[in-house]
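Look for subunit A in each of the two complexes below; its partner is subunit B in the first and subunit C in the second.
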Partner chain A sequence: MRQMTFAGGVHPPDQKQATAHKPIEDCPLPAEYVVPMAQHIGAPANPCVAVGDRVLKGQVIGEARGFVSVPVHAPTSGEVTAVEARPHPAGSSLPAVVIRADDEDRWQERPAVEDLAALEAEDIIDLIRRAGVVGLGGATFPAHVKLSPPPEKPIDTVILNGVECEPYLTADHRLMLEEADRLLEGVAVLQKIFASCRVVIGIEENKPDAIELLNQRCSGRDVEVVPLPVKYPQGAEKQLIKAITGREVPSGGLPMDIGVVVQNVGTTAAIADAVLRGTPLIERVCTVTGAAVREPKNLRIRIGMPVAHLVEACGGIDEDPGKIILGGPMMGIAQVDLAIPATRGTSGVLLLREQDLPLRQEGPCIRCARCVQGCPANLLPTTIAAYGRLDRMEEAEDYRALDCIECGCCSFSCPAAIPLVQTIRYAKAAIMARKRSG
Partner chain B sequence: MLTAIFSLGGIGLVAAVALGLAAKRFAVEVDPRELAILEALPGANCGACGYPGCAGYAKALVAGEIDANQCPPGGAAAAAKVANILGVEVAIREPEVAVVLCQGDNETASNRYRYLGLTDCVAAQKLAGGPKVCPGGCLGLGTCARICPFDAIEMTPKGLAVISREKCTGCRKCISVCPRQVIRMAPLKTSVHVLCNSHDKGALVRKYCQVGCISCHICEKTVPEAYVIEQLLARVDYDNAGNAGAAVDKCPTHCIRDFVAGYPPGSSYPPAVVPVKSDAA
Partner chain C sequence: MSQQVYLSSSPHIHSGGSTTKIMRAVIYSLLPACAVAIFFFGLPALFVLLLSVLGCLVCEVVCQRLMKQPVTVSDGSAVVTGILLALNLPPSSPWWMTLLGAFFAIAIGKQIFGGLGYNLFNPALVARVILLISFPVQMTTWSKPEPLSTGLDAVSAATPLGEWKTAVMLTGRMPESLQGGTWDYLVGNMPGCVGEVSALALLAGAVYLFWRKILTWHIPLSYVASVVVLSGLFWLVDSDKYPDPVFHLVTGGLVLGAFYMATDMVTTPVSAGGMVLFGVGCGVLTVIIRLFGGYPEGVSFAILLMNAATPLIDRYVRPRTFGVARKGVLQ
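What follows is the complex of A and B.
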């Protein structure tokens, strides 16, 4: 059979062996939580509690602003000690609600669960929105927006993303192995929303145990499990759609334009919690790993836990890490220190040792075209970056800078260590700013 | 032979007549004053006047949209010539130069992280606010030096932008691109500046920079009329800067500098001379 894949891509060492076999552990609860209001793509939530307020676990502490926005919930019960700007993984200080835990960890009253069969699609989507479910693969796009395509865009395929192509990360892998029940409940909810759709779970071939387990569990459920070749970025939305359906998302378009909805497996499990148990998204699975951590683990964390606390739960660090990354090594964001909270998008905490870092000075482009071969979006990264560097943004836009998915294949494959992704991101930001100003 | 001469000559004649007629028919009328003004301007097309290039400025001058003293690179000399051409009076503006209010290079100021990305201050500033701990200090990646139309900014080997008082024409292009607002305009006649842009408390400044202002007020006590302390940062009051030089040696962190005594360490520029340039030139 022809292997299903996409053009381009690279093969970074996968480094998953440290945590792939380790069951998910509950992270011990810290004394203080910092819950940022900006944890999703779209307008940040509005804090709706004041200093001194008592909050219960699951209570809304930030209200959604607009359609592309979701509420934020308290990760535990306790007292609000501050509502102020705090360091955020995105780099600057952003508004956050600080909660001192009362150690009771008491739930607020959760709504009575109705029978799934009795719910309408709109009600289900509203439950998902109110539970604050966002894409847990890392991009944190609000799930309810993806699930509400306009009527002129019929959906025929739902893809569950269990690829986890980022090196080091094993959170989705463990979730598929240990919580297949929750995942399949979520699948049932999605099947209710998109009746008579083809449902596919895409998994990379480096997780044979997950493929086998889900194959067994999915028999008789109208769900296909599709093994995919190991290649980065197999889990990127557009590349995954291309590999499974052969369809291409048009330039500037969305998956719903070609009748596809993609949800990460963690998101699907969170959807099941939201709809069937009335539980908001305050937990996720996160892989804490890298050579600088004493005991790499897969942790079930609460949103707002300090990253330093997660590292402590994994035995701490021996020496000052040379590099801290939230997320995977290819697309994660490097951090200045550990004094930041985990957010809904924190799929991993990666601590690398100084001696393992491939630090090289940038050299001149030698026109080897490895970035072009590696680009899964069929772009010319070196050309776009060269225009970006010269501030010639019109040309950069002509070369489709905005179609870049920032996967990092070009920077990874560049033998001259040119910061291609950073330059293209810079160009994209400049192009978007120019478009906004008209 | 003859055929060739006549046919080519004929084509030449027809083309010459056609071109001559077209030149008359489609002639663009230009105000001769506009051309004269264009001659008088420096021709750097820097945009400091707010128009796209010198030609745009010349057009605006002839149309009477703008005063004749809006060309900082041209200075008083160009303004006088322009005023002469247009037959108007013009108030001569005090010549200004841009100054980098920082001397914390890679040795004297500390970094929060190692930056290996794009050599551009604007791009670096987007990564957690830039590598420098100091929130106002020069990032040293040379965005200003690359945009300067007069080659008046150099980057020292230790990563600090230094602006030559001799070469700077006051066009403000560097100010428009600097993501940290560390470049300011100052009158050319003053060569003494407080080279710090951090509003943090002294104890904090000492932690990340050896040459930062710690707002100890010693300069203000030495020459009260020449220094102002605002939000924990000293600056020279350029209107009363006559004796400002007296505080240079008193500053405990040496963040006040007289450019006549020399530019910041690492700069290749020779010490400034006063007066800098003759306006009659």
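What follows is the complex of A and C.
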């Protein structure tokens, strides 16, 4: 049998033991929420409330702008106290709606839900769009865009991404174990949109309990559970498709170009809420962990909760953190402090101690080729980074810098501690800027 | 939270591998070959080893001081070069030649190019070839292995490859004395350089490097396989004249070359395809030089020539990027 995997990749220690066995807990509700308007790939939402307005939980507070955009909803009921730029996890200050909670946590009236069988595919996709569902694996690509391939691109395979290959994170793992019902409702919705498609749930073999449970639950549903060998970045969309179907998404293309749609398991559960219960995306599961956190947990959080509040819900800080990361350690974004809100993409809050960090001095490249062997995109990272450093962007592009998926395997494995992916990111940005300016 | 935090873009964790760890593993892997060399050639071999390593260390420090560069001698690369150089010298090398070799390896072979990572050619082989051209007598005076000898009563003898070359030139035939010595060749009981003689000890170290994932199969396998195929063809054509492939494998510096010299990371291609091409090039050149060249041994020249081709190979042999069709078909 063909090995279900992709070329390249690395094996970082998975560090999931701190939270893998802890059931999801509801995070206590804070007094104030900061809800950014930019929480997805594409045009940010437009705030449609004003200071002093009273809002109800689930009410639209930011309207979508264009097709690749989604609305943003109030995470609780309360009063709008500010509509202004606030520190955002992406690094700068961006427009946000600040809500002071009234502690009633009162829903706005949700639309009556129709029977799934009675819905057309377009109606379902519109419900998903209006609920603000985006990819919860971290990339936050609007789900309805992925679910609306043009007619010339027929879909034959739907893959549910339960890989969770980032070290430390266990949110998807716990969701598959504890909320298999929601997940399978979401699968039924996807099966309704893409009738007679092959449906596969891909899970890494380090989650045998989830594989076993979903195997039991999926019998008789036309859903395959596929265990995958543990290897980072197995959960990267293109690598996951390659592992499961053997197909490669063409360079610069999308999964729909080769007949595949991928959704994260958390996203799939959110799709069920959106279509079957009329509930917008205002919650997600988030793993708060790292050696600097007193009591690591899997939390069900509301979008807009301050990250400091999430850490408090886990007993606070045990030791001074050396680094604050939103997301996993391989692709997450480092933060200046905890005064930022959780967004739809916040799959984890990771507080590493200084001694957990690689703070080595960079040395010369000894051309050991570990970056080449580890690159899942089959690039020559050391060569691209060398050209990037010299600002020779034509050569960097010629070595296909733009095909880099920024997974970080090269920097992770470099014995000389060279910031390879970081330099390639810089080169990619420079190449794109040059292309735009013509 | 009073303390400041680190900010940098991902990834935020590291494998823990380092250049120093790689060098240390290579040093460990060479210990069996050193031990066998000292067993068969005695104190002279130990002397060459110690002098070569010491010479390389001192030379590295002096070069970096003179060039006002940070002294990085603790990364272990100079020790590796020192051991490899010693393994590539005759056990009877005079002290001044060994020290001169250390100078050529570190100063001319490595530091002039900018130090570790920037040299085009394998430093130990640069030194060996300069010495071979400059001091042909001392570089081709071989001692007969004499277990645990003090070196005072060393008897000189020809290497198997040298014996074959002389015989072929005189008689056009493979001498009978060379047939059936495979076991002695394997363990290292034959005249030759300090470290090239024991294929078994070198392979034991190579297994360790494979296990540590420092060595990949690409270069050693393609090198050895192409030597076997090409020398096998000649042997099939005229087995009276040409030695069989096994003779090629176990004599001379092929195992040392294929597993330790041709696999020097700095001076070889980075892509898998490039590595295979590099190995095949080394194999073909080795056989051609051995069978038709003026020197009995061709491993050093073959590897240096392919080192020179490495930038070109890296330019033209690139892996197929994920999602980019080769010959129009995405697999």
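Quick note on the criterion: the second predicted complex is superposed on the first by the 436 of 438 C-alpha atoms of A that agree within 3 Å, B and C clash if a C-alpha of one lies under 4 Å from a C-alpha of the other, contacts with A are read in each partner's own complex, and residues count from 1 in each chain.
The rule we apply is simple: a residue touches a chain if its C-beta (ideal position, glycine included) is under 8 Å from a C-beta of that chain, and two chains touch if they have at least 3 such contacts.
Not measured: the values here are computed from a predicted model.
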First, second, both or neither for A:E362, with subunit B first and subunit C second: first
Partner touching more residues of subunit A, whether subunit B or subunit C: C
Is A:Q422 in contact with subunit B, with subunit C, with both, or with neither (first, second, both, neither)? both
In the superposed arrangement, which partner chain does A:L213 touch: subunit B (first), subunit C (second), both, or neither? neither
Partner chain in contact with A:M432 - subunit B first, subunit C second, else both or neither: neither
Would you check which partner chain A:S92 touches, where first means subunit B only, second means subunit C only, and both and neither mean what they say? first
Classify the contacts of A:A291 with the two partner chains as first (subunit B alone), second (subunit C alone), both, or neither. neither
Does the superposition put A:K238 against subunit B (first), subunit C (second), both, or neither? second
First (subunit B), second (subunit C), both or neither: which does A:V336 touch? both
Contact residues of subunit A, present in both the subunit B and the subunit C interface: 334-336, 359, 417, 419, 422
Looking at the complex, which residues from subunit C come into contact with subunit A? 1-3, 5-19, 21-22, 72, 75, 77, 115-118, 214, 216, 265-268, 270-272, 275, 314, 318-325, 330-331
What residues on subunit A touch subunit B, complex-wise? 91-92, 334-336, 359, 361-362, 389, 417, 419, 422-423, 426, 429
List of subunit A residues in touch with subunit C within their complex: 7, 10, 12, 167, 238, 242, 246-253, 258, 317, 320-325, 327, 329-338, 350, 352, 354, 356-360, 363-370, 372-373, 376-380, 382-383, 399-400, 403, 406, 408, 411-417, 419, 421-422, 425
Sites on subunit B touched by subunit A in the complex: 112-114, 116-120, 122-123, 126-129
